[in-house]
Amino acid sequence: MRSRVEESGLVRFDQVSFNYGPNAPVLRDVTFHLPPGSFHFVLGASGAGKSSLLQLMYLWQKPTSGRISLFGRDVAQLTRADKALMRRRIGVVFQDFRLLDHLSARENVALPLRVAGRYTSGLDEHVRELLAWVGLGDYLDALPPTLSGGQQQRVAIARAVIARPSLLLADEPTGNVDDRIALRLLYLFEELNKMGTTVVIATHNENLIERLGHPTIRLTGGDSRHPAIAHPPVLPAADA
Amino acid sequence: MRSRVEESGLVRFDQVSFNYGPNAPVLRDVTFHLPPGSFHFVLGASGAGKSSLLQLMYLWQKPTSGRISLFGRDVAQLTRADKALMRRRIGVVFQDFRLLDHLSARENVALPLRVAGRYTSGLDEHVRELLAWVGLGDYLDALPPTLSGGQQQRVAIARAVIARPSLLLADEPTGNVDDRIALRLLYLFEELNKMGTTVVIATHNENLIERLGHPTIRLTGGDSRHPAIAHPPVLPAADA
Amino acid sequence: MILARQRDVPLDKDASARFLPWLIAFMVYLATLALAAAIAVSNVAQAWDSGLAGKLTVQVPPSPPPSAGDSGRGQTARVDAVLDALRETPGVRSAEQLSQQEMARLLEPWLGAAAGSADLPLPALIAVEVVPARAPELASLQRRLDRAAAGTRVDDHQRTLGRLLEVARTLQLLAVLVVALVGAAAVVTVVFVTRTGLSIHRNVIELLHLIGAQDAYVARQFQRHALRLGLTGGLIGLALGAATLWALARWVGQEAGAVVPELTLSQPQWLSLLAVPLAATLVAMLTARITVLRTLARLS
Amino acid sequence: MILARQRDVPLDKDASARFLPWLIAFMVYLATLALAAAIAVSNVAQAWDSGLAGKLTVQVPPSPPPSAGDSGRGQTARVDAVLDALRETPGVRSAEQLSQQEMARLLEPWLGAAAGSADLPLPALIAVEVVPARAPELASLQRRLDRAAAGTRVDDHQRTLGRLLEVARTLQLLAVLVVALVGAAAVVTVVFVTRTGLSIHRNVIELLHLIGAQDAYVARQFQRHALRLGLTGGLIGLALGAATLWALARWVGQEAGAVVPELTLSQPQWLSLLAVPLAATLVAMLTARITVLRTLARLS
């Protein structure tokens, strides 16, 4: 199986098109493959389809046409149970974090290990180290609603990487932190990548992309086509 | 009243301290005043207290000590009904958007007008123009869950400015869009500002801050104090 | 505009919109049946009470006990003596001897056809009506009648009536208990549904609050929702309850008339059942309003 | 570990955790009472039925009707003739004439003290027991006995019994209807609570799904929650129901024994009431499981 993955790519899109319901297509005839251990940025204007592309990769959406294979297997052939197992090998940083509000930062990060039945108290130390590394050593037991936006984003990143996934998908993972922390987080991704994880990051932060210089997947389309209006339309004031 | 506002500032913090419950203080002895028609950036590391500062301004939190006045009135003296009326003069872009998922983009944007009883069908045209200006002319009737992250953020911005508020507070309003759109959105804020709106924007985007060159409020503290650890702690891989 | 406002909190898409009416209907149904039972039992008790109050039955045995002295007189003379004594008693409105046919009807279940034969030496029964306010004292009446014809006995039915009324009162108590329980359950349900609605839509409520909506504006949305669901459920429950009662009443009239006592309701009583769904609706609305306002008061 | 898993979906902080047990308790309470009523009524009906089944009453009038030919014989002879005829009839197990005392006890409510006097020419009553499987045909028996002593009548109590059983059956039907309704309401409530729980915790469920949790893992959390709440509520309801029944039984025993028929339950019947909360719990758990699995199946 390893060899099949080697030759076809860990992620493989063949003529994949995707649209939500009866709407205009979001992705059209997308074909690419990502070799194991690669590191890619996904670029594109807001609404171009970056998140949709990642959603196809983490099996949240199904392609309208075309074929997607992950880890050498056609995802259309997978049973529900297969998909659950495959998802355990994919770490995802969601654009809207999706933390569980009733679990502490530490419990949120440990969740993928627990769901996979891999959690042992020995790993607790590891969870703590990872949270300290993203700058949340003082917030181990804080609940997400009591964390700042950037802190929540870092918990989400820690959760995505804790189980050393084979594939890491991050959707705008640095939108709520400053460039110093952003670089630190990307360093974490690069470290994982060096150890074999295939990484895909959707981002707008062109600063970072330039600095790291990894190959990019560029999506065109989306809603950048609307013409500008010279002056912003502004109402008369309510008070006076 | 206008003169009282002129002399004391539209927003005035006097020795304001703030902490959540029994925790370490987030803000300590903050004193400043923002004259009507001013434009400020709030800067600070992730967790420094930017969102908390804005929450105090839009009356979501109460200071632990010190005195805040808005529009020349001490907020501690306001009744519930007074506060509701005052909130109608404040437009807020929340860091997590807070759109209503069951209302279309257009209805979300029109909501402040409706709640204030100021909505007339004539304003519908204005709502449409504003959405077109932020690049969502094709998404008037889309529900927020069917919008991309950046699209949602732009709906949130349109909602904050639709009623031409006297005070506009925006929390990381460009975290999910690229620099081109970010500049366009800031242009909208500047336009409003020119017409008299006092603007306060919390952001990490140092690019923008430099380009626009407005005065800044800089918050220190937060969790930038944690020492870096040389190598990110990474677990052995699950598969292989 | 009103329709538009209602949509601010999308309650009509919640599970509650589909389930609450049925839960309310169920409770109103039970309450309607229980209330109808309470009313019917009270009707029966009243019928018994007013049927038997102010009525006495006097038995004159066919022949005097051997110990008595007036063994010479025939039964007719003895009955006449008792009747005279009764009519002289203050407070007695009327006293009539039951005819042979009436006696036969009473005894038929026990004696069969033989009850009709004239030669059966039955005791004479006299139905007495007294003016309730001036009813003669029972013991002294018994003594006087016994003097008029030895062996005569007076029965004021109080023992039987007392027991029946006690049963009726207990049944009523049970019915009222059920109504109270159902009412409590309805309040609990609405509080639960409203709380749940608040937590499902907490973000919507917070946002409305943050953009300057007054508390009443938010409460009104929940209130209307509860009003609508409560009314729908209440009317369904009432309709089902009324149908059940109607079927029961028909059945009682046709088949069980002889065994089951009069269980029908008068028209005003039927109308009073309308109070159940109306009360349910009101309870639902007020509960929703109070719950929402309390929650909002906790937001700064 | 198990405790830790349960917390993945924070159901125990929902409003449902506080309200569902009381709603279930309320329903189990009603179902328990209704079921107890059904059982008690069935007990009474069975008592009547087995008391009267296979029993006939034969009346021999004190003197033959004038048209009959055997006017010479006394009542004793006539009764003996009827008894002989009965004993010769195949399928008759026994035939006994009621004694003077038994007659008096039966007639006392109607005739008063006079019922006891020997000189009252009452019909003789004969209690007959037949072998139910080989019961003689009623019309031919009537004809044969009339020949033995003119005017003799046979009563198999079917008319009275039929009516009483019909009332009993209707009451039972009502009780079963209430139990069914309560059961339906319980299912509706649990489905509602589960759906609501799903929509409150939709984000949690989606996330668990996205990080690779199996459906059963998610369903288990809701299932356990419903199990716990259902059991708590069921036991509260049963306890309250049992207390009410016990109080009623005491009251019936003491006060109303004469009027209200035997309404007590046997021990196994008391135990069978335990089925109500257990059923409620099971229903709650399965409903929750099915609802969750269905919702999950819709996630890709």
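Order of writing sets the labels: A, B, C and D. Residues in every chain begin at 1.
One rule holds in what follows: a contact is a pair of C-beta atoms (placed from the backbone, for glycine too) under 8 Å apart; a residue touches a chain by one contact, two chains touch by 3 or more.
Everything numeric in this text was worked out from a predicted model, so none of it was measured.
Touching chain A and chain C at once are the following chains: B, D.
Set against the C-alpha centre of chain A, every other chain centre is closer than that of C. Each chain gets a centre from the mean of its Cα atoms; for chain B and chain D, those two points are 69 Å apart. A straight line joining the Cα centres of chain B and chain C is 65 Å long.
Once the centre of each chain is set as its mean CA position, chain A and chain B turn out to be 26 Å apart.
Multi-chain contact residues of chain B (touching two or more other chains) are listed as 88, 116.
The multi-chain contact residues of chain D, meaning those touching 2 or more other chains, do not exist; every residue touches at most one other chain.
In terms of which chains touch, the assembly is arranged as a closed ring, every chain touching its two neighbours and no others. Every pair of chains meeting the touch criterion is listed here: A-B, A-D, B-C, C-D.
Within the complex formed with chain B, the residues of chain A that make contact are 20, 45-47, 50-51, 88-89, 95-96, 116, 118, 123, 126, 129-130, 132-133, 135-139, 146-151, 154, 161-166, 171-172, 175-181, 184, 187-188, 191-192, 195-197, 204, 206-207, 222-224, 226, 228-229, 231-239. Residues of chain B that touch chain C in their complex: 58-62, 80-81, 84-88, 92, 98, 100, 102-103, 111-112, 114-116. Remark: chain C residues 14-16, 18-20, 22-23, 26, 29-30, 59, 61-63, 106-107, 110-114, 117, 119-123, 151, 153, 163-164, 166-167, 170, 178, 181, 184-185, 188-189, 191-192, 195-196, 199-200, 251, 255-256, 258-260 touch chain D in the complex. Considering their complex, residues 4-5, 7-8, 10, 13, 203-204, 206-215, 217, 300 of chain D touch chain A.
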